[in-house]
Structures are given as structure tokens and as C-alpha cells.
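Take a look at the structures below.
Next, two complexes with chain A in common: one pairs it with chain B, the other with chain C.
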Partner chain A sequence: MKVICNRARLAEALALVSGVAVARSPRPILQCLRMQVENGDNPTLTLQATDLELGVKCEIKEVEVIEPGQVVANASKLSAIVHEVADETITMNLEQESLEVMASGSKFKLFTFDPSEFPPVAPKEEGKIISISAAELTRAANLTVYAAARETTRYAINGLLLEVKGNKMVMVGTDGRRLARVISTLETKVDTEISSIIPARTIQMLSRVATDSDNMVNIRIMENQVAFEVGGVLLVTSVIDGKYPSYDAVIPKESTTKVKMDRLTMLSALRRAALLVSKDSRGVKVQLAQDRMTIEAHSPEEGEAAVELPVELEGEAIKIAFNPDYLIDPLKVLVAEQVVMEFRASNAPAVLKSGSDFVYVLMPVTI
Partner chain B sequence: MSKIKVLPVHLVNKIAAGECIERPASVLKELVENSIDAGATRIDVFLEQGGCKLIRVVDNGGGIDPEDISLTVTPHATSKLADEDALWSISTMGFRGEALASIGSVAQLKISSVVPGNDSGQTIEVDGGQISQKTPCAGSPGTTIEVHNLFFNTPARRKFLKTTATELNHCQEHLIRLALAYPNVAFSLMHGNRQLLQLSATDSPRQRISDIFNPQLADGLIQVFTQTKNITFTAYLSRPSQAKSSANWQYFFINKRAIRDRFITHALREAYRGLMPPDRQPVGFLFLEIEPSIVDVNVHPTKSEVRFADSGLIHSLVLGAIRERFLSTDLTAELSLAQSTQSADSPAGTQPENTAEHQQKIKEAMKDFFRTNSQSTQSKIKFFPPKSQNSHPYGESTHYNNTPPSPSATPKPADEPIKSAFPPITDSPSEPLPQKSPSDEVLPPSSTATPYLQIHNSYLVVETPDGLMIVDQHAMHERVLYEQLKSRVNSGPVLKQKLLMPDLINLTPAQMAHVEQIKSSLDQAGIEVEPFGPQTLPFIPCRQSSPSLTPPNSSTTS
Partner chain C sequence: MRHILHIDMDAFFAAVEQRDHPELRGKPVLVGGSPTRRGVVSTASYEARKYGCHSAMPMATAVRLCPHAVVISSGMGRYSQVSRQILEIMERFTPLIEPVSIDEAFLDITGCEKLFGSPIEIAKKIKKLIYKETQLTASVGLAPNKFLAKIASDLKKPDGLVVVPPHRIQEFLDPLPVSRLWGAGKATLPKFEKLHLYTFADIRKLPLSEMQRHFGSAGEMFYDFVRGIDNRTICTESETKSISTETTFPVDVKDLDHLRSVLLEQTDQIAGRLRRHQLLARTVTIKLRRPDFATITRSETLNSPTDRTDELWNTVSGLFEIWANRQPFAVRLIGAGLSSLVPYQGRQLMLFDREENERKQHLDQTVDQIRSKFGFDAITRGLTSTDGKKKEENQ
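Showing the complex of A and B:
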């Protein structure tokens, strides 16, 4: 195998792929990536890495193939080398059992592994394919992924729910205290219903991959796997086996108080108030009356804060308390100028809405 | 023709004897209890062949009136119970009036008694149920009872007697229990020509424990005392470090009666929970004085079990008192190396050690230890001189939180850090201390604080002014978190984050009842529970304590 490659493009791909390779593993081959060079009409260099849960495959077209072949070598070392050298191109050559990496003035030799031992990164079956624009998928991912739980024993909520029904795709994230749900419209209808729980890590990865908003993403949903294919990158992930909570039951249908406010004003007000919540009890009191919202924070050790902002209030005045971080999270990633919040009681869930497709349910705290 | 007959008296007695006279030890127990009930202040016991051949109990008690002496061996004749009401407030050891009659039916019994103030007394003999005429005798005040050839007329039972050593052991154990309950009575025990116990009267139960067992054990015991309206509880308990591998070292007394009781056993275990490994048993002498009306001692023929009017009350009283005492006591295990070799009752010749020579030996042994073990322990032992601003070993929290320690944390040549951690052990000052690279954060060159050593990622060994301290860091971490939560709860209401989707827990009815009891404590800690469904058992903890006390996304309730 011998190939000359655009360094910047390779560095970019390596950064993505080596993020999946396992840092420490009893199986050293999982710390590696696999490079495959193909000639013909379409010369490509394909990089692959997997931790057995998530696999990634990335194609680079900016190559000049001298001799096709494949090699398996340490991902982080290769990535670091390509990152450090400054040339425009880089030459890689498999010489006996070593991978030679050559740039001007430097030459590296990396030991390699047997490519046949590398776990394959490929969908296991046909599955059902849905198509969605990269822009819409990233939007849905960004609006829900922060709400997913991290490392709880309720494994299902460590992932995000992906549901497809008709021409609607629903994505849901929850950690048991708040829940984010976003509905996207697909261009094509799907005749069967689909419901999978996808690891949060895959969804995070997805927003890094689907950067070019003009692209379409093909989602292949299988029995135990889901694959995302966009712009020369393939992500194959195992799905989380479990029962996702019935999110619909959690979303309140009624409210007695409804307020409309400017998203950025609200975000900034919360951030200011949150400066003085105590470390032990992260809670701010929110008071709504006469078109004003007052956010108060109190820290026994440091002091207190009170922030006021104008809102459009409909319905009854209310007092309620929240963990400010849980409100800041969605406000940060939303794009709409205005958001709506709905309340029923100070011990009942509150709802943050933007448009008709995004709903965020948040449980209050009692201080 | 009728087939049902009333049994003859001697047969009734033999059957009754089967219940309470099991072996020589039970005879001894009955006799000594009688002596105690008679107000004796000195009781001497002589045994032969573990009590199978002879049990003789000599006391200096109130004696038996000459006209009563033949009644002693009549069944259900007693001086200890006057009327029916008295049965519900028993304050004597015996009360059924069965013992002597039962013993008399299965052995050769001889009772001699002199009432104080009289010059002479009476003797009566019973031989397998046959009562002889009483004859006058001389002697000092008190009663002497001899039991010869126990079970001589019941061969089946005789066959079940164990070896002399076993029977003697049982006798001794029974006498020890009585002696513990009555420290103000002097006891002695002779077996053949051998003196086994010699206990002088004392006011202090601790002194009695010391006389029976050993002074080291007695001195280390923690005394617990508490009193309510009708219960007084005193206990002498070992430190967790003195725990034994069996529960034989636990003695429970209710109104000076040695008993077994699972509620008290459980309370004792519970009080030591977390303080010692689960397979160890504490040493404990627990004395309960309970108003006789709220405890029924008449449930078991040998009176080794009792029934409480309110066993839960006894359990919580015992547990509460011990816990409270432990909380105010430093239970840190201490190992004194130098003193123990001198104070232990080892053969006298070994005591005067040449200290310098001894130190040298230790030094060599330590050196050898590190040399021979350096290969195998190199990857498991880490040395962490603490950061200067934080002298507490726990300050190095990063090493606890399962973050893999940086490669530099593991010393490559094991000899070097060991020398730096324990400078006194190196006897060659010419050897330079290891070079510490600036990036090596766990060995800061400026460190002057106490170094410590981490073993298997689980234990910390820390230098203290007079020795070393070993800390189980996992237990310590739990304790630190517990203390944080406790101080947080005590300083005011805890912030509760409501859960969108409650965690459901399935509980048995007993667990459910317990949760109902601790509901308010859970609420204080920020966890609210509610029964879910009318008939079903699940509970919903629908709130969670403040995020800083629990990892933000963990579900603590599942």
C-alpha cells in the first residue's frame, strides 16, 4: 500500500475517527484504525475505527493512490503525527510490517496489526432507510442530546429515543428530571413504525459529522443497529436495549399560566441569577406577576441575586423554583427569538415551547 | 376395663427431670441458683468426673428450717412463690419447686442444712426417688447439697452424657454465667483436686469479668449504661478490634438470669454493623434489669429464654444505648507493638529484649520486605506525599474517583519512592534521593507533610506521630459523603429536585412498613416516597436530594 494524501483533509478525518478508537483496551487492535486504499475510477482512502459499540468509516477522496492495499495502525499516534507535521501532503507506505509516514524532513515508522483481525464496520442487515436533511437532523440532535442522562442505571435513558411514524420523526432525551422532545418532518413517508434508542455519544458524533447542511443523511434502522450515512462518513451504532419511558404521558396537556418572552433576555437573566445559587442547592425562585418575571437566587455563603425581565403573561400569577441549569440548557440551543413557558402549579411540571415542534418539560425543585 | 391411669409420683418426677435435668451442668445450675436465692455470699462447688460422679454445692446461705427439709424434695414445694400473683413478678431464680424433686428421682441426693444461729441441722437423703428419714447433723450455717451418680437409674440418659471434659466444660460455663450475674457472691470451682475458678466477691462486674477471663479483655471493654422507668441496661462491650470469630463471648442477662434472646443478639450485631467485618462477633456482657411484670421468664423449662411484653422496645433500647455510646467513643483500633510484647503474659525469659538489636532486626526485615516484594507490588502500591495545602490523605481525591492514575503515579523503580517515603529505613545516606521530575505531580519536591501509601487502590497507610494508621478508603469515602449529607440536612431544608418519571421500587409488606417508619427521615434527606397503587407495593421516591450531594445524573433511588 502506498498513498499520497492531502494532509489537512487527512488530519480532519483522523480527528473524527480516532475519537472512536478506544484509548485503553485489553484488545490493542481496538486502539487502532484501519486504512484501506482503493484505486480505479474513484481513488479513495477509507479510515475505520470501532469500539464495538460505535463504528465509524470515513472516506477521503483527496488522495493519489500509488499502490492499493490496507493497514491497521495505532489511531492516536497516527493522528498526532499528521497533526504535528506541517506539509501540504503526506505520504504513507506499507513497508513489510511497518507503516511509513513521510513528510518533508521527517519519517515515522509505526508497527501494524493484521487487518483481517480488525472488527468490521458495516451495517449487519438491510433494515429500513429514512432520509432527512443534515440540517434538520443536527437541529433535532442539538435540541435533545443535552437532556439525556449520563451513566444512570436506567440504561434506556442514557440514549435518545428515535421514533419514526408516517412522515414524522420524533427525537426525545430525558434524564428523569427534564425531557426534551422535537418533531421533524421527513420528505418521504415511511410505511412502518420505527422506534430505537440510540446512545447519546452517537448523536453527539452525528452533529460533528453532519456539518454540511445541504447534505442528506440516510438513516438505516435495523434490529440491533442504526447506521447514519452522510457525506462520505458512515456511523454504525448498536442500539440500547430497553424500554424508553412513555414520553407523551409526561408532557402536560393543560396550563393555568402562560408567558411569552425573549429567549436571549431570559437566558441572560437566568445566567446572572445563577451566579448566586449555592453549591449545595442549585435552585432559583421564579415569580410571575403583571408582565414581569423575577428570578431570585440565594446562596447562604455568598449572597443573593434578583433579576427582572419583561414577559407577556396570560393567566394566573405563580411562584415556582427550578434548577437554573436545566432552563439554560435548552435556551442556549434554541434559535427562535421568542419562547413560551407554561405552568400549572409550583409543584407540577413546567413546559418550555418553541414553535409547534419543540417541547421541553421540566420538574420544579422545592427549596 | 380402663386403660388410662394416673402416673405414680416417682414416674412423674422422672419425666419432669427429663425437661430440666439434662446433664450435670443443669443440676449444678439448679443447685447454685438455689444457693443464690438463699442469700449465700459464698458458694463452693466440687465436681468429680465432670459432675457425673459427684456434684457438691456448699453455700453459706439462709439454710432450710428443720421442719421444712423433707418438703424440699417434694415436687412443687417451694419457698419462692407465695401465691398466683407472685408468678407475674418473679424475683428469684427458681420458682417452680421442681428441681430438687427431679434431681432426687434420677440421682442419689443428700441435703444437709444448718440455719444460722442453730448449732446443728438436719440431713435428708433421696435415692432414686426413695426419701429417707431425716437425721440430725452438725456443720457451719448454710446448706450443702451432694448429688451422686447422676442418672444412675436412667441408663438411656446416662448413655447420652459426653466425655468428662465436655460435661465439665458445660458445668464451668453455667457457673461462669451465674458468677457474671452475681459478682457480689464469691465462687470457687474444684474438679477433683484441681482448682478451676476462684472468684472473690466484688462490686464491679468489670472486676468479675477480669477475674474470670483476663484483665486485658476486661480493661478494654466499653461500658454502656442507660436507664428508663422500668428498665436498666448495663453492658460491657469489646472494641471492634477485639472481636472474636464466634458468638460464644456474648453473655445476656435479664434480671441476673442468663438467657438467649434473638432480639438482643440482633440489636448487638446491628450496633456493630459497619464497625467490623461481617464474619466477626463482638465480645459483650449485657445486663438488663427489667421490672418483672413486663418480662415472662416462665416460657422455657431451663428458663434460658424469656418473653418480653414489648420486644421492640428492648431491641431499640439496647441498640440505641450502644450506638450512642459508640458515637462518643474513639473506636480506632490500636496496635501497640513495643508495649504488647512486654505486657502480654508471655514467658518471662523473652521479655527483656535488647531494644537496639530489636530495632535493627525490624529494619532488616523491612528492607528485605521491600526488596523481595518490590517486583510484585510495584504496580499495586503507590506513594503519595500529600499536597502541602492539604495534609489530609483524602485530599488526593482524584486518585479515589477511579480516574486512572497517570503513569507517573506508579513508581518505576520501586526502591526509590519507598526510600523517599520512609527515610529512616535507609541506612545508607550516601544514596541520593530519587530525582523528581517537575511534571511528577504526585511527588512534589517541596512536600514536607506526612507521606502516605496507597495499597491496591483501596487502603491508605499514613504515618502518625506514634505509629501508623490504616484507612479503608472506600469506607472513608462513604463516611465523608454521609457526614456531608448529615451536615447539609442539619443546616436546613434540603433542595429537592422533583422527578419527571418516578423510580419504582418493589417492597415486601415488612419493608413497606419500615419505609413508612423512616418516611420523615427520608424526606429530610430530600427523598420523598409515596405508595403507588392501592394494593400494590411499589413506592415512588419522587424527589431527589440536591445535585451536589449526589452525582447529577445518577438515580440514587434505584
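Showing the complex of A and C:
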């Protein structure tokens, strides 16, 4: 195997792929990536890595193939080498059992592994394919992924729920304290209903992969796997086995108080009040009355904060408390100028809405 | 000399209900679980007590004794709000407050005389303020220590104030029946009877060595109590950084089931203490000591802090089973502890399983209520045959 490759393009692909390879493993081959060089009409260098849950495959076309072949070598080392050298191009050559990496003034040799032992990165079955624009998929991912749980024993909510019904795709993230749901419209209809729980890490990767918003993403949904294909990158992930909580049941259907406010004003007000929340309870008190919202924080050790902002209030005055971080998260990623919040009682879930497709349910802290 | 107050709200849950629902005043009220679903009485109003109803009694029995009683399922959220209000009144007099449960607390008012008057005046003022601000009555005991104050508050319920002057302690204690002895539960009381000890005066006749021979380490405690000696200090909420308990075995223990049952009782105990202090715990620790004194601890941090016994036990037993599967050894001492404590007020509410959560919380609070009236042994948690086994399979 011998290939000359555009260095910047290779560095970018390696950063993505080595992020999936395992940092430390009793199976050293999982710390590696597999490179495959193909000639013909379409010369390509394909990089692959997997941690056995998530696999990634990335194609580079900016190559000059001298000799096709394949090699398996340590991912983070190769990535670091390509990152450090400054040349326009880099030459990689498999010489006996070593991968030689050559740039001006430097030559590296990396030990290699048997490519036949590398776990495959490929969908296991046909599955069902849906197609969605990269822009819409990243929007849905960004609006939900922060709400997913991290390493809870309730395994299902460590992932994001992906549901497809007709021409609607629903993505849901929750950690048991708040829940984000976004609905996207697909260009094509699907005849069966699909429901899968995708690890949050895969969804985070997606927003790095689907950067070119004009691209279409093909989502292949299988029994135990989901694959995303976009612009020469393939992500294949095992789905989380488990029962996702019935999210629809916790989205309040009615409210007694409704406020409309400027998103960025609200975000800034919360950030200011959050500076003095108590370490123990992490709550800010929110009071709504007469078209004003007052946000108060009190930290027994440090002091207190009070921030006021104008809102359009409909319905009853209310007093309620929240962990401000849980409101800051969605306000940061939304784009609309105005957002709406709805309340029912100080111990009942509150709702943040933007447009007709985004709903965010937030449980209060007790006052 | 210290001045300790024990303040105990009278038929607290029932009184709150009667206050908020005037139509219930003067009527027998039973607060607790449903009579059809094997619920128990948390509180019986004084009107219902006349018919023999009392807390910890099966609701079905209570309803049979007093068929015209109004049965109300408890509104824990509201009760703890009122409880908070009462604590705030006490805080005006002293920061040294130890809440024992939702409806009782110890206060150390030593040295408050200059500010608020004599101890008796303070006791009267607190009673008056509680009534003025919550329309509820409290019974108060004033004594030089916690043990005496607690007994005193119970003597003239409801709306009582009993003072135990230091020179009349023995006179006050001697005629009391042994069942009033703090820490004497269903295991100890029959022993007293067997030894023909019926009153405090009877117990006082036994020398310390005899007491220790019959009652082990508790013997010394009883020996002190019947003499009115109790040096326990007031343990305030803000001082509580961690809650733990441990047991040293007379003989090293290898039997895993025995260790499990000790650990369960310890968990049950510290969970109750956690709730008494109105705290939630985020970190759970177990401790095991080998015969050679080498000690290991294992901890787990929960996703969200809790005060539920079942959740704490799941974590404790999870830690224990990992140890039991990997490196079991004969154990000289075993213990369980809770740390990273946060106040119950200001806790994050959860989206899912709200009904189940409320039900479990209610169960814990009922158990606490029963224990605060009848002692820890009045009700115990059992290990199911799948405890341990289930965990082993999961490893």
C-alpha cells in the first residue's frame, strides 16, 4: 500500500475517526484505525475505527494512489503525526510490517496489526432508509442532545429516541428532570412506524459530520443498529436496548400562565442570576406578575442576585423555582427571537416552546 | 446545667387537616393509607383516639373501631410545609434545633435567658407563637437533657407543658413504666418483665454490671437513663455533613446473609436519620473491616440525591454484592454511610414515575412516624429471598 494524500484533509478525517477509536483497551486493535486504499476510476483512501458500539468510516478523495492495499495502525499516534507535520501532502507506505509516514525532513514508522482481525464497520442488514437534510438533522440533534442523561442506571435515557411515523421524524432527549422534543418533516413518507434509541455520543458525532447543510443524510434503521450516511462518512451504531419512557405523557397539555419573552434577554438574565445559586439546591426563584419576570438566586455562603426582565404575561401570577442550567441549555441552542413559557403550578412541569415543533418540559425544584 | 426543650405537635397530620377543613373539627379523623389496601394510620385525631384508634394501627382496624371516622390520605407536601413554618418559629429563639421527625424537635435554649426570658417563659412563648401562626397546638417538655424532655412532653398531651426541675428528676422518673425507656423496644420489654422490672425505680435497683450482663451495651444506657443521665447533645441540621453507622461483631462473620441483614438494618436506620434532618444524600458508602483491622470502603454517587430507603438500599446492596462476589472475607466490622448531603427543600422534582415516587415516600414517612412513636423495632424491613441472588446473577 502506498498513497499520497492532502495533509489538511487527512488531518480532518483522522480527528473524526480517532475520536471513535478506544483510548485504552485490553484489545489493542480497538485503539487502531484501518486504512484502505483503492485505485481505479475512483481513487479513495477509506479510514475506519470502531469501539464495537459505534463505528465510523470516512472516505478521502484527495489522494494519489500509487499502490492499493490496507493497513491497521494506532489511530491517535497517526493523527498526532499528521497534525504535527506542516507539509501540503503526506506519503504513507506499508513497508513489510510497518506503516511509514513521510513528510519533508521526517519519517515515522508505526507498527501495524493484521487487517483481517479488524472488526467490520458496516450495517448488518438492509433495514429501512429515511432521508433528511443535514441541516434539519443537525437542528434536531442540537435541540435535544444536551437533555439526554449521562450514565444513569436507567439505561434507555442515556440515548435519544428517534421515532418516524409517516413523514414526521421525532427526536427526544431526557434525563428525568427535563425533556426536549423536536419534530422534523421528512421529504418522503415511511410506511411503517420506526422507533430506536440512539446513544447520545452518536448524535453528538452527527453534528460534526453533517456540516455541509446542503447534503442529504440517509438514516438506515435496523433491528439492532442505526447507520447515518452523509458526504462520504458512515456512522454505524448499536441502538440502546430498553424501554424509553413515554414522553408524550409528561408533556403538559394545559396551562394557567403563559409568558412570551425575548430569548436572548431571558438567557442573559438567567446567566446573571445563576452566578449566585446555592451550591446545594442549584435553584433560582422565578416570579411572574404584571408583565415582569423576576429571577432571584440566593447562596447562603456568597450572597444573592435579583434580575428583572419584561415579558408578555397571560393568565395568573406564579412563583416557581428551577435549576437555571436546565433553562439555559435550550435557550442557547434555539434560534428564534422569541420564546414562550407555560406554567401550571410551582410543583408542576413548566414548558418552553419555540415554533410548533419544539417543546421542552422542565421539572421545578421545590420552593 | 442545660435547658432542653422537646416540642411535639399534637396529632399533627390530623390537626392540620382539621385546621384546613373546618367541617372536620370535633370529628374523629384518621390520616393514613386506604383501609381497603392494607394502609396504616399515620395519625388519629384526639376524637378518634377515644375509640381506641392510634397511629401504626391498620386502617381497616381503626375504621372498624370508629366507623364514622373521616379517613384522609395524607398530604405530605402540605405537612412538611407546615413543619417548616414551625421550625422557623423555633429558629427565632435558638439555632440549636434537632428535628426528630416532621412533627417534633429538640431545642437547646441554654443561655437564651437574657434575650427571651426564663426557660419556662421561652417554652410558653414558643407554644403561643406556634398556635398564633399555625393554629396548631404543641406539647412541650422542658428538662436538663433530651431523654427527660422527651418523656415530659408526652405526659400532658395535648397542649401540655411539663417542666422537670433538676432537683426532682428522680421523683419524676421513678414511677414511670419501663415502656417509657428510650431504646427499649419489643425485644427488650419482655426481658424487663422476665426480670420483674416494671418501673424505672425497679431498674434503678440493679447495679451497672447486672444491667450490662442482661442488656449488653444498651445496659449502660438504660442504667444512665433511669437516673436521668443523658449527655447527648443537640445535633443540628447544618452540622450534618454525613450520616453513618457501624456494627462490630463479637465474633467475625463470614455468612453473607447475616451481613446482608445487618447492612439492611443499618441502611434503614441511616435513611431514617437522613429524613429526620430533612436532607437528601448523593453518596452512599459501605465499610468492611477484616479481622486484622484492614478496612475497605466502597462508594457510589447517585444521579440524583435521594432519601428513599429503597433507593439507598439498592445502592448499598449493589456495593455489597460486588464485594461479596469479588473478595469476600470474614468481617469484624460492617458499616453504611451517607454523604454529599443536600437539603430536602429545594430538591429537583422528577418527570417520570412521580406516582411511584410519592407512594414510596409516603411509605418511608409512615414508617418514620410509627418509629418515632413506638421505637425503631416497632416495624422492620425484611430481606426478600431474591435480595443478593438477583444481584449475583447480574454480575
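Convention: the second predicted complex is superposed on the first by the 366 of 367 C-alpha atoms of A that agree within 3 Å, B and C clash if a C-alpha of one lies under 4 Å from a C-alpha of the other, contacts with A are read in each partner's own complex, and residues count from 1 in each chain.
Quick note on the criterion: a contact is a pair of C-beta atoms (placed from the backbone, for glycine too) under 8 Å apart; a residue touches a chain by one contact, two chains touch by 3 or more.
These figures come from a predicted structure and were not determined experimentally.
J.: Look at where chain B and chain C land on chain A after superposing the complexes, then choose clash or fit.
T.: After superposition on chain A, chain B vs chain C: clash.
J.: A:G176 in the overlay: touching chain B, chain C, both, or neither? Say first, second, both or neither.
T.: Both partners, chain B and chain C.
J.: Return first, second, both or neither, reflecting whether A:N347 touches chain B, chain C, both chains, or no partner chain.
T.: The answer is both, since A:N347 touches chain B and chain C.
J.: Once chain A of both complexes is superposed, is A:R24 in touch with chain B (first), chain C (second), both, or neither?
T.: So A:R24 only meets chain B here.
J.: One more residue to check, A:A269. First (chain B), second (chain C), both or neither?
T.: Neither partner.
J.: Answer with first, second, both or neither: which of chain B and chain C does A:L45 touch in the superposed model?
T.: A:L45 sits against neither chain B nor chain C.
J.: Pick one for A:T153: touches chain B only (first), chain C only (second), both, or neither.
T.: Both partners, chain B and chain C.
J.: Name the contact category of A:G283: first (chain B only), second (chain C only), both, or neither.
T.: Both partners, chain B and chain C.
J.: Could you point to the stretch of chain B, among 109-117, 343-351, 397-405 or 487-495, that collides with chain C in the superposition?
T.: 487-495
J.: Is there a shared patch on chain A that both chain B and chain C touch, and which residues make it up?
T.: Of chain A, residues 149, 151-153, 174, 176-179, 245, 250, 280-283, 323, 347, 349, 361, 363-367 contact chain B in one complex and chain C in the other.
J.: How about chain A: which of its residues touch chain B in the complex?
T.: These residues of chain A touch chain B: 24, 149-154, 174-179, 245, 250, 279-283, 323, 347, 349, 361, 363-367.
J.: List the residues on chain C that touch chain A in their complex, please.
T.: Chain C reaches chain A through residues 77, 303-304, 342-343, 345-352.
J.: Which residues of chain B touch chain A in their complex?
T.: For chain B paired with chain A, touching residues are 404, 488, 493-501, 503, 543-544, 546-549, 551-555, 558.
J.: Which residues, counting only chain A, touch chain C once they are in their complex?
T.: Those in contact with chain C are residues 149, 151-153, 174, 176-179, 245, 250, 278, 280-283, 321, 323, 347, 349, 361, 363-367.
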